[in-house]
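Letters A, B, C and D mark the chains in the order given here, with residues in each chain numbered from 1 onward.
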Amino acid sequence: MIKVGIVGGTGYTGVELLRLLAPHPGVELKVITSRKEDGMPVADMFPSLRGHVALKFSAPENAHLESCDVVFFATPHGVAMAQAPALLAAGVKVIDLAADFRIKDTAVFEKWYGMPHSCPDLLAEAVYGLPEVNREAIRTARLIGLPGCYPTSMQLGFAPLLASVTPLVAEATLIADCKSGVSGAGRKAEVTALLAEASDNFKAYGVKGHRHLPETVQGLEAIAGRKIGLTFVPHLVPMIRGIHSTLYATILPEARGTDFQALFEQYYEGQRFVDVMPAGSHPETRSVRGSNMLRIAVHRPDGGDLLVILVVEDNLVKGAAGQGVQCMNLMFGLEEDTGLCQVPLLP
Amino acid sequence: MIKVGIVGGTGYTGVELLRLLAPHPGVELKVITSRKEDGMPVADMFPSLRGHVALKFSAPENAHLESCDVVFFATPHGVAMAQAPALLAAGVKVIDLAADFRIKDTAVFEKWYGMPHSCPDLLAEAVYGLPEVNREAIRTARLIGLPGCYPTSMQLGFAPLLASVTPLVAEATLIADCKSGVSGAGRKAEVTALLAEASDNFKAYGVKGHRHLPETVQGLEAIAGRKIGLTFVPHLVPMIRGIHSTLYATILPEARGTDFQALFEQYYEGQRFVDVMPAGSHPETRSVRGSNMLRIAVHRPDGGDLLVILVVEDNLVKGAAGQGVQCMNLMFGLEEDTGLCQVPLLP
Amino acid sequence: MIKVGIVGGTGYTGVELLRLLAPHPGVELKVITSRKEDGMPVADMFPSLRGHVALKFSAPENAHLESCDVVFFATPHGVAMAQAPALLAAGVKVIDLAADFRIKDTAVFEKWYGMPHSCPDLLAEAVYGLPEVNREAIRTARLIGLPGCYPTSMQLGFAPLLASVTPLVAEATLIADCKSGVSGAGRKAEVTALLAEASDNFKAYGVKGHRHLPETVQGLEAIAGRKIGLTFVPHLVPMIRGIHSTLYATILPEARGTDFQALFEQYYEGQRFVDVMPAGSHPETRSVRGSNMLRIAVHRPDGGDLLVILVVEDNLVKGAAGQGVQCMNLMFGLEEDTGLCQVPLLP
Amino acid sequence: MIKVGIVGGTGYTGVELLRLLAPHPGVELKVITSRKEDGMPVADMFPSLRGHVALKFSAPENAHLESCDVVFFATPHGVAMAQAPALLAAGVKVIDLAADFRIKDTAVFEKWYGMPHSCPDLLAEAVYGLPEVNREAIRTARLIGLPGCYPTSMQLGFAPLLASVTPLVAEATLIADCKSGVSGAGRKAEVTALLAEASDNFKAYGVKGHRHLPETVQGLEAIAGRKIGLTFVPHLVPMIRGIHSTLYATILPEARGTDFQALFEQYYEGQRFVDVMPAGSHPETRSVRGSNMLRIAVHRPDGGDLLVILVVEDNLVKGAAGQGVQCMNLMFGLEEDTGLCQVPLLP
């Protein structure tokens, strides 16, 4: 049994890790930290876990995280990079759900996250936890920087196009019009996320610039092996979970004959958690609610030169905790889908 | 034109006052205070008011509230009682949307609101702003304590039963099972009011005791002229606006022959803002969305001895700002429904 | 492996059965019928089942239901009683999620469901599928009439009070103020269930009388061994899943000394799917979303004589499909919670 | 007073017309038709109108529409073109909220709406009811084809760019990623619009082709005086009202120096119902809820060559009924905003 610790168990990615790990057959939950809730049973804060999780929150200083095999950080940005060095030195693997180990260029990290990076050497070692792209590196990694929720959907949506040796689309002018449920903002008390503010409403935000842009560009360029250009416009949807990314790419004249449906199906053949739907499909976010599946549909309206890729995922599962468990399974030699076979909850 | 000031214009009752008062034909909006937002145009915070409200927020010390004819307090409990004495002394009328002037017994006030009452003499003078019950007193009042949102629905729902000279129902065992949209909790950053927490969810809260209980009991006893007993169970509905109160009263054996539908229709005859619906109706909260109307339906399931009264109101209008404007109209000799003729927004 | 057939797989209880049965370790899904969708892969209608359910819908006449060990009816009222006799004769067990085998008195059935009962003898044999009350009878039953969603919550909420040999509460004047998400109305195209009608709205319905009243009274009288009286007021909540029942019972003078919290805890001790929460709790519907758990909290406001019982369940799980699987497990000698250990989905 | 008739008063655009016209100071509501609801008071179907609309539905044959000054058609496609000729002959003006008089090319109409056009001569005469573009023609029109909800937002969002004599953006590759609340689908009983299907969910639809595409292209080409190309991807948002269109246009090299914020502000200067927000704004749909206002924000992320235009409107007001009233005001010489000064309902 893998001994698991969770740092920061009071947010949405924390409780989602608990939902997935409590019944996971290869895992023993050892410790969950929260300075503020030290001593409180986890199930008192989240009654949905009554009967499933018997642990209490521990203050970090009493948590003995070094006795775990792996520690997940479901914390604000900056926490994982402070604690990872000691844990790694103690032989503990680390999976960070925040942004500390995502962006390889420390200057870019500091620009977007407003803090210096305290361990650039570990950053260089860290593996970007997107199994469909980096599976082999993840298997042997000690330290994982998990992708953000939007970046997961954008990268897996564009990847089959960009992975081609010769460019198929105008890679300098990609557009991602993304829509997220409000759990993406986390379990923080903020006026804009109140039901009375965010329900029966729709808006864009962060059009000037969003932290998930540089991360996504870095990932797409790694896939393409070429420079790319991306405009990313996020929107807030009055729903709890789910991301729907509508991606636009202009087909190059020389690639007009490509069968894009086949291209996507081949690229993702054998991938357990990516479902390329039949041509003409309109995936719904609820079709992946509570599951680690990501679904894609490829459209070419009117047979023209603009490709429209529709991608849905559950931002808390494939976009966060589920992808973390998927990486953990790979790192410890388990079947990749162990504990991740939930049927989506519909309706 | 009535010169109006608003203290605390950044919450939901504040912005609702602005929605109602901006186009009100008898009103000139003079000042809106907010210490935190001093100098910011109101319409920058609430873009819905662009083109309707040109005012900026003023810090309280620069607000010259004493030059107004009437000042509304849309503030946390405790603010109005600190400022009302000076305003009243300056000849300004005061309408408090908070609880400072609702509960006549200062010991009861202090128990439920956790603060001493600073001006018991004004409290004694204050008129409870429920026009359907207190219209004449309101006309000549200087100081109004507006009812809470739940208490408005409970009092107007039970009033026709309790106003009878001889009791019709078992007055010691009244039950009010009430359901409110989340705007009732105000525009405060709290985790429990987040869309991700409160939507697709339903729960009771405060079953042990809620501040609106003593206020409602006081009001019902004033209507009855007798002691009454009430159990009040509030619930949170995943919607923005609206209160639905389901009231239960046991018919006394000697009152079994009463025509309760007729009783309600007669009691509310001529009341502009109370709509007794046809027998058998199920009023919906959306049927009053954005309007000052309160709708009531009277049921007697299976012809038995339990009366079921259904009451709906918009908690921000008849339950708060609208009722305040209704009182203001009465206090300044305007038609009672001036500026309050909005057609509810449906769907 | 238990060979399972489902009649009527296109509604919400049908798709919920599929969600629970597809990963159930003791079950082999053999057939799902739908006359209208004959030949369509189930996962084409419900993409959430892609990769989990490979079956196609079959027209009833080709379904070979008699080769199954058990057949679930997730159909409109009247279908199960037409087909059950032949299936039972062929040795197939039957679990009906509709009302055909709930109400023992055929006159009452006919009054509320507007159709004659075609097999009163089977009705007499049928076992009411509420395991916490009827576990032993369910183990040996051939034919199960599953409780309705509201009746499950009302019966389990009142049961500990009524099961006492000497009455504890005024049993003639019980009140159940119940609130349900809209999936309770089924997957039928009806204007009142449209998002544009039902969201941001709250209303009561069926106050004059609802089909779940006679069923609940029958169940409560069976538990009590005495006549009882119940007023049941259902309401529609703008959410997908979940029932919250707020139950009121007046404590008899001689029972004022009872420790009701202890009474409930003892009554449900050892019950896998009933969670009596700590005193003072307010259970939320989302705390059971997607799971077969029902949670109860016992309140006695102000120490008075009115008991307030709060009950939550997922109407599609403990209120329908999950309870059906729980009964199936008992009927086939499996552990009662096999395939029913889902952690609720929160947020 | 303008005598107004409404054909088809039972849908969402019908009830919205009633909400706007009942208190309109220049209008007398004469007749509302509905074959199915003949004789039923309108307020029985829509209790929100109790006290505001006293009319009953009339069967069309008894409706005496020819005695009206203007008749609104809030009907399915095809009804208006059948009845308009006789009404116009009787001197009655006609405003059609459906698609009968929008598309000038009858072949295109027939392709997208699946029915032949029965009066091409009137179609040629009909004026497209977009006042910000066609104001003078509307003033003297007898027959108005009102724009669809999506087309209103797309045309007003792109218009300032396309109206330039020399092209500013790549007009062949415009993209409109649009999101609509579910009331846009009308008050029809359809499974996909149920709350249990559409809430807590997000999806694209009609990516292959949507009826609002040819209408929008026709309108944009009329504005530009040049051919344009548009990809239109509509999405369904789990909210009642509101459209948010996110528009993408690539700036031509020669136009990189343009001040697009100023361009939009100048283009819409003096327009009562178009609000060009300050640079950097993110308009929310709720900021126009219940009002005839359309708000626009202009973005140029990172100062690059892609322009992102955000547009919000209430699909039932500026996208339908409100725009109809705006046209009516123009046609009868009233102030354009008569009866259209509602403050948006927020929260």
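Everything below uses one rule, namely that a contact is a pair of C-beta atoms (placed from the backbone, for glycine too) under 8 Å apart; a residue touches a chain by one contact, two chains touch by 3 or more.
Not measured: the values here are computed from a predicted model.
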item: Centroid-based (C-alpha) most distant chain relative to subunit A; value: B
item: Winner on C-beta contact pairs when A-C is weighed against C-D; value: A-C
item: Euclidean distance of C-alpha centroids - subunit A vs subunit C, Å; value: 37
item: Whole-Å gap between the CA centroids of subunit A and subunit D; value: 39
item: Subunit C-subunit D separation of Cα centroids, rounded to whole Å; value: 45
item: Residues within subunit C bordering two or more other chains; value: 12, 181, 183, 187, 196-197, 199-200, 238-241, 283-284, 286, 289, 347
item: In the complex, subunit B residues that touch subunit D; value: 12, 15, 19, 22-23, 46-52, 183, 187, 199-200, 240-241, 275, 277, 281, 283-284, 286-291, 293, 295, 316, 341-347
item: Touching residues (chain side subunit A, partner subunit B) in the complex; value: 12, 181-183, 185, 187-191, 193-200, 238-240
item: Complex contacts: residues of subunit A adjacent to subunit D; value: 173, 175, 177, 179, 181, 196-197, 199-205, 207-209, 231, 233, 235, 237-242, 244, 246, 248, 250, 280, 282-286, 289, 299, 301-302, 304, 306, 308, 310, 312, 347
